[in-house]
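Structure record follows, encoded as structure tokens.
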Amino acid sequence: MNGSVSRRSVIAAGVSVGMSGLAPGVFRQAHAESRPIKVGLTSIFSGRVAQLGITTKNGLLLEFEAFNAAGGVGGRTIELVDRDSKGKPEDAARLTRELIESEGCDIIFCGEASGSAFAAHEVARSSRALLMHVISETTQLTADAKLRSWNSFRSARQALHDSIVGGAFAAKIAKEQGLTRWATIAADYAYGREATPEFMGYVESNGAKVELVAESWPKLFQPDYTDSITKILQSRPQALFCGLWGGDLVSFIDQGNLFGLFDNVRVFAIHLADYTTLMSVKQLPAAGAFSSNRYVSVFPSRSENASWSEAYNKRFGSKPTNWSWEACVGARFVIDAIRRTNSAEPAKLAEAIKGMQVAAPVGMRDGKTVMRSEDQTIVDYALGWGRIVPNDPYLVDVQPADWSEVLRLETDWKRRVGFG
Amino acid sequence: MDLSALGICAATSSCIVTQVAAGLISGFLLFLVAAGLTLIFGVLGFVNFMHGSFYMLGAYFAYAAYAATGSYTAAVIAGAAGVGALGAALETSVVRRIYHADVLLQILVCYAFILIFDDLVGIVWGDEFLSMGMPSAFKRAPILLFGGVIPPFYLFLVGIALAIAIGIALLMQKTRYGKIVRALADKPGMVAALGINTQLVYASLFALGAMLAGSAGALAAPVRSMTAGMGFAILIESFIVTVIGGMGSIAGALVAALMIGLVRSFGSIGFPLFTEGLIFVIMIAVLVVRPQGLFGRQVREL
Amino acid sequence: MKGTLKEVAVVVTIIAGAVIFSGLVESGSVRDSIIRLCGVGLFALSLNLLVGYTGLLSFGHAMFFGLGAYTFAILLRTTGFGIPLAAACSIALSGAVAAVVGAICVRLTHVYFAFLTLAIQMLFYSLLIACSGLTGGEQGLIGGIPRPKFLGVDLMQPGEYFVFNIAIFVAAAWALWRIVRSPFGAALRMIRDNPQRAVFLGVDVYRTKLAAFVLASAFAAIAGMLTALYVSGAYPNFAFWTMSGEGLFMIMLGGVNGFAGPVVGAGLLLLLDTVVNAYTAHRGLFLGLAILVTSLGLRKGVVDFVRDASDGRFASERTGGRSKERASGAQSGLHEAAIQQSNTEGV
Amino acid sequence: MRGHLQISNLTKSFGGLNAIRDVTMALEPGVRAAVIGPNGAGKTTLFNMITGHLSPTAGSIRLDEGELIGLRPGAIVRRGISRAFQVASLFGTFTVREAMAAAVLSHRQRLFDLIGAFPAPAAFEHARHILSLIGLSDVEKSRCDTLSHGDRKLLDIALALALEPRILLLDEPTAGMGRDESRLMIDRIYRLWEAEGMSLVFIEHDMDIVFGIAEQVFVLRNGALLASGEPAEVRRHPQVIEAYLGSAT
């Protein structure tokens, strides 16, 4: 290593610094009113849950294509720019910033699970862009007043709502069928750790006698659930709460069947009623399975819902997921706000979206769903629990949520945990 | 920590039977993958970071064959043979050029293949997770033994894995091929001097290792949801097994894989939050006390 | 002495350049990319102190990146510490932990060292997830990191924050540069090239490797802190083995034999990732092929390749042929060193 | 003058096989001694025990009354015993004078200096002195892995010399060399001895060389000391003639 070499190395380093810095800038486009409205999306497009990103993006695309086909607003159409965060919070944060600053996106859709959603949330807080969380269901994201900021909204369901409704639903069945011995399984991460006690709490507060005989916390994306299954088997429960989702849920059910786990156990699986999951499970739990409506085209049973599902199917050749409708609703809030304000100015949009009602396939207030202004998250979306059957329509006997009751219990909960 | 639960479990035959069976099942599947890794590692000295991809591809090949023929036997054969052939092709085209390159370069090339295979799987089979479904022959009630529950399919898996384990042991101990391989691990130069086509032996060994991983993926396919990237978790576990058991030692891989399986199954009852941690503690302890692994040969003296 | 003055001048020039640059370039994303490169580049540089200079293939370096980031973030959030004090504390803690971990690890060589560092890192990762009260568990430390003013520096100002990152990076890189060029650096290279001979020349191989391990970890902690500030949080991924893998990848891409190789590798990786991510959905396929072409085609890092190629041209004019031997010697140096090391163990 | 080496009843067994058995020998300061014996006689094993890389099964090795057994190799080097190798063992990426400077710094215990520049001029001077002494001045800017065989052997010795040893162990300094080269090598070693005055212990097969420069000869066979004494004495030793010289010359 002599002098000249080291100098070359330093120069090379300098060049690379410059290049990596300038590359995104080269593609930067100036803002002008005639330009398309650039909208960003970060989500998981690779690895085990690539499906999350893909169906989220599809949900958005369907809306944006309709908007553009209708001529946009004032000649301005929407252009979607998506980035793969691979589910890593640090990448979600970085890409969100990059979309805002170098791609010039004033509107960001955050298609991230809980950890990354919080990271993107932090970036949005210190920026002037509008952020719509379309995936993260973690209650804390909007319930915690300390985390709120004027420009961040959520169009996804909230874990607490599912727990409130599911708890009441499960309590009723438990009382009818005399189920007292409960086991739980959920992935060991923020959402699982939060949803499980909430759900069980509401089962109890609805008057069912609960004896918790086993808790299992497998890792997220664990391939083998044998140890969890045998642990649950040992405890001989009558009912099982299951917070797993996607491929994890399918693996768990497939493997559980081998052990006859579900021969005598009623399963309350929040995430089962989603088409992709339902169609992958080859053998449903024998003694009965219940689920929240993730997304099924028969609930709410309205023509708007069925036709949206059909349109999605026609465009993408697959059925929509829970993530698709969450994205769709988020897109509709943004599009409505753009139309109303005739601008893409984040501050104006944010003001318009607060308290806004939009028509949605899953709307429950006269076909509409509402962006509650106080915490900027949606309410009055399709929420209900029902029994799973092996074929279309998959979810039957759906008990719809009484939203006024949900909101009352939510307020109680917030007061209890100190978010009120 | 819930050691009382572990105590209660240890006192009931049903719990012991179920947990031991569960531990053996995960252990044997892990063994199949790790056996291939440890062979490639121990004999070829190649850090095969793409071994998890072989497992994944085995599962997907099996899925495709099962969808086409409806036969689980055909699916397993397709998984094993397909990946074996891929392994042979990779060895002759790329891997043999980097046996003597630095470990970093080996890892880098493997990393590239992991990315490529994951993406190809997404392109061919889609990004949605797939589920193959249980062959009808195994759709039957679990076997009850002393109150413990054992699924017939897992009994079958353990049987097959055991048969493969014995098969490899015989291949390595009793055949001329095995002798050549063991000699290669010790003194590659000597074997070449004897006029044996070492390149062929290397390629076949790499293919054999890949085939083992592929067969594990294919065998487990009915009880795993398949996605691109599913090989990742098993890769890390296989490395742990290889290190604990000792590089190149089939017996070591078996013992270590079963040990991990049992730690998992009993750990989930006694200390669910530290099962993972405990496995790493075991690995650290083995490396500190006996770096060559439980069954590895002594690190060369002088 | 004259050399030092020259180096100081370079350092000052770069920082002054950063000040001017931040005044001229408004684009936040250009700044962001450079800031990010400061973090990961320093991480790769610090790892190369072990991999390239000492011949220790660490697979657990991200542990200290994570430790630095978490300690720094937690101190800033929960105590009234200013940035300098919080930084000093987390460097000290990372160094102390590295001393303990290193004391166990550097006894082993070659792949055994790699596996042991990997295992300890994974144990640390498990603890990070398990102690969710302190670390936020799986979802990491969310809710932002305060950036209190210190010594008249306000990191809430984008311009000052940018210059701060450049300054820390350049200062740290310069310190590493001095270390590899000091007698201590020579001792590291002796150990890399031929540890057995180093022992016979009275080099305390164990202590030297341990010191290198502690130093590299302390610099990794600084890189972790810069990154934590950048993403306003600390996440378990910081300490996951994939982060260590990425560091090795950057080193390999840039080359182990030039001081700046790892930074070039880091820049290339970020650039590749950005471009591929922006233009194709098949990121894995393109990135994978790009890596295959570079690694199998060049068989060495880009900086090493460029350097050897140009050295080769000049040298062959002078001495003819000898340079080829030299280049291949440099290339396989790491591997040879590793083999020699594994052999010493039993001696 | 210090540098008295006393080896007593030294035994080393590898798994029941005695590589060295009950060897006792003494070296006066400043002596030139040769260790000879057929292959497998235990010569290198003996060196490895003196330098601390093998621990004996029994016996003692004392340097000026200080026990060496149990010390780490680095500590023994600091007591003043250094060695060169049968196959030159160098630092591939170092230039000759860098390697020498590093060795000098190691000897001065300055390698933990993180701030200073390497190689410092002070270390250089001494390095140059040794290089000129051993005749490597003209290749001092070459990289170690580009040196010729003879130069590598010389540099290997020079590195050991940089530690200013009181006892220098040379393991077959002329191995792999032609006759002329060997003579040159021995000549240079002799000049070194004259200049530095340390004890010199070397393993050698070439009897001309052994009897040419050794003042004292130790004959090992099957791990045991067969004979020792002045060259003339050893040459007359009947068992030596029978067992070794008879076949070797």
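Order of writing sets the chain letters: A, B, C and D. Residues in each chain are counted from 1.
Convention: a residue touches a chain if its C-beta (ideal position, glycine included) is under 8 Å from a C-beta of that chain, and two chains touch if they have at least 3 such contacts.
None of the values given here were measured: they were computed from a predicted structure.
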Nearest-to-centre chain - CA centroid comparison: C
Maximum centroid distance from chain D, chain identifier (CA atoms): A
Chain C-chain D separation of Cα centroids, rounded to whole Å: 41
Length of the line joining the C-alpha centres of chain B and chain D, rounded to whole Å: 50
Where chain A and chain D are represented by their mean Cα positions, the distance between them in whole Å: 73
Where chain B and chain C are represented by their mean Cα positions, the distance between them in whole Å: 33
Contacts with 2+ other chains: residues of chain D: none
Junction residues of chain A, two or more chains touched: 45-46, 188
Residues of chain C touching at least two other chains: 283-284, 347
Pairwise chain contacts, counting only pairs that touch as defined: A-B, A-C, B-C, C-D
Interface residues, chain B side, partner chain A - complex: 9, 14-15, 18-19, 21-23, 25-26, 29, 118-119, 122, 127-131, 133-134, 138-139, 141-142, 149, 151, 153-154, 222-230, 233-234, 264-265, 267-269, 272-273, 275-276
Touching residues (chain side chain D, partner chain C) in the complex: 48, 51, 53, 73-74, 77-78, 82-83, 85, 89-94, 98, 101-103, 105-107, 109-120, 123, 143, 145-146, 159-160, 162-163
Chain B-facing residues of chain A, complex: 45-51, 54, 188, 215-217, 219, 221-224, 226-231, 233-234, 246-248, 250-251, 254-255, 257-260, 276, 280-283, 318
Chain B residues touching chain C - in the complex, by the definition given at the top: 47, 94, 97-98, 100-105, 107-109, 111-116, 118-120, 122-123, 236, 239-240, 243, 273-274, 276-277, 280-281, 283-284, 287-288, 291-292, 298-302
Footprint of chain A on chain C - complex, ascending: 10, 27-34, 36-37, 129, 132, 137-140, 142-144, 227, 230-233, 235, 237-238, 257-261, 263-264, 267-268, 270-271, 274-275, 277-278, 281, 283-284, 303, 306-307, 310-311
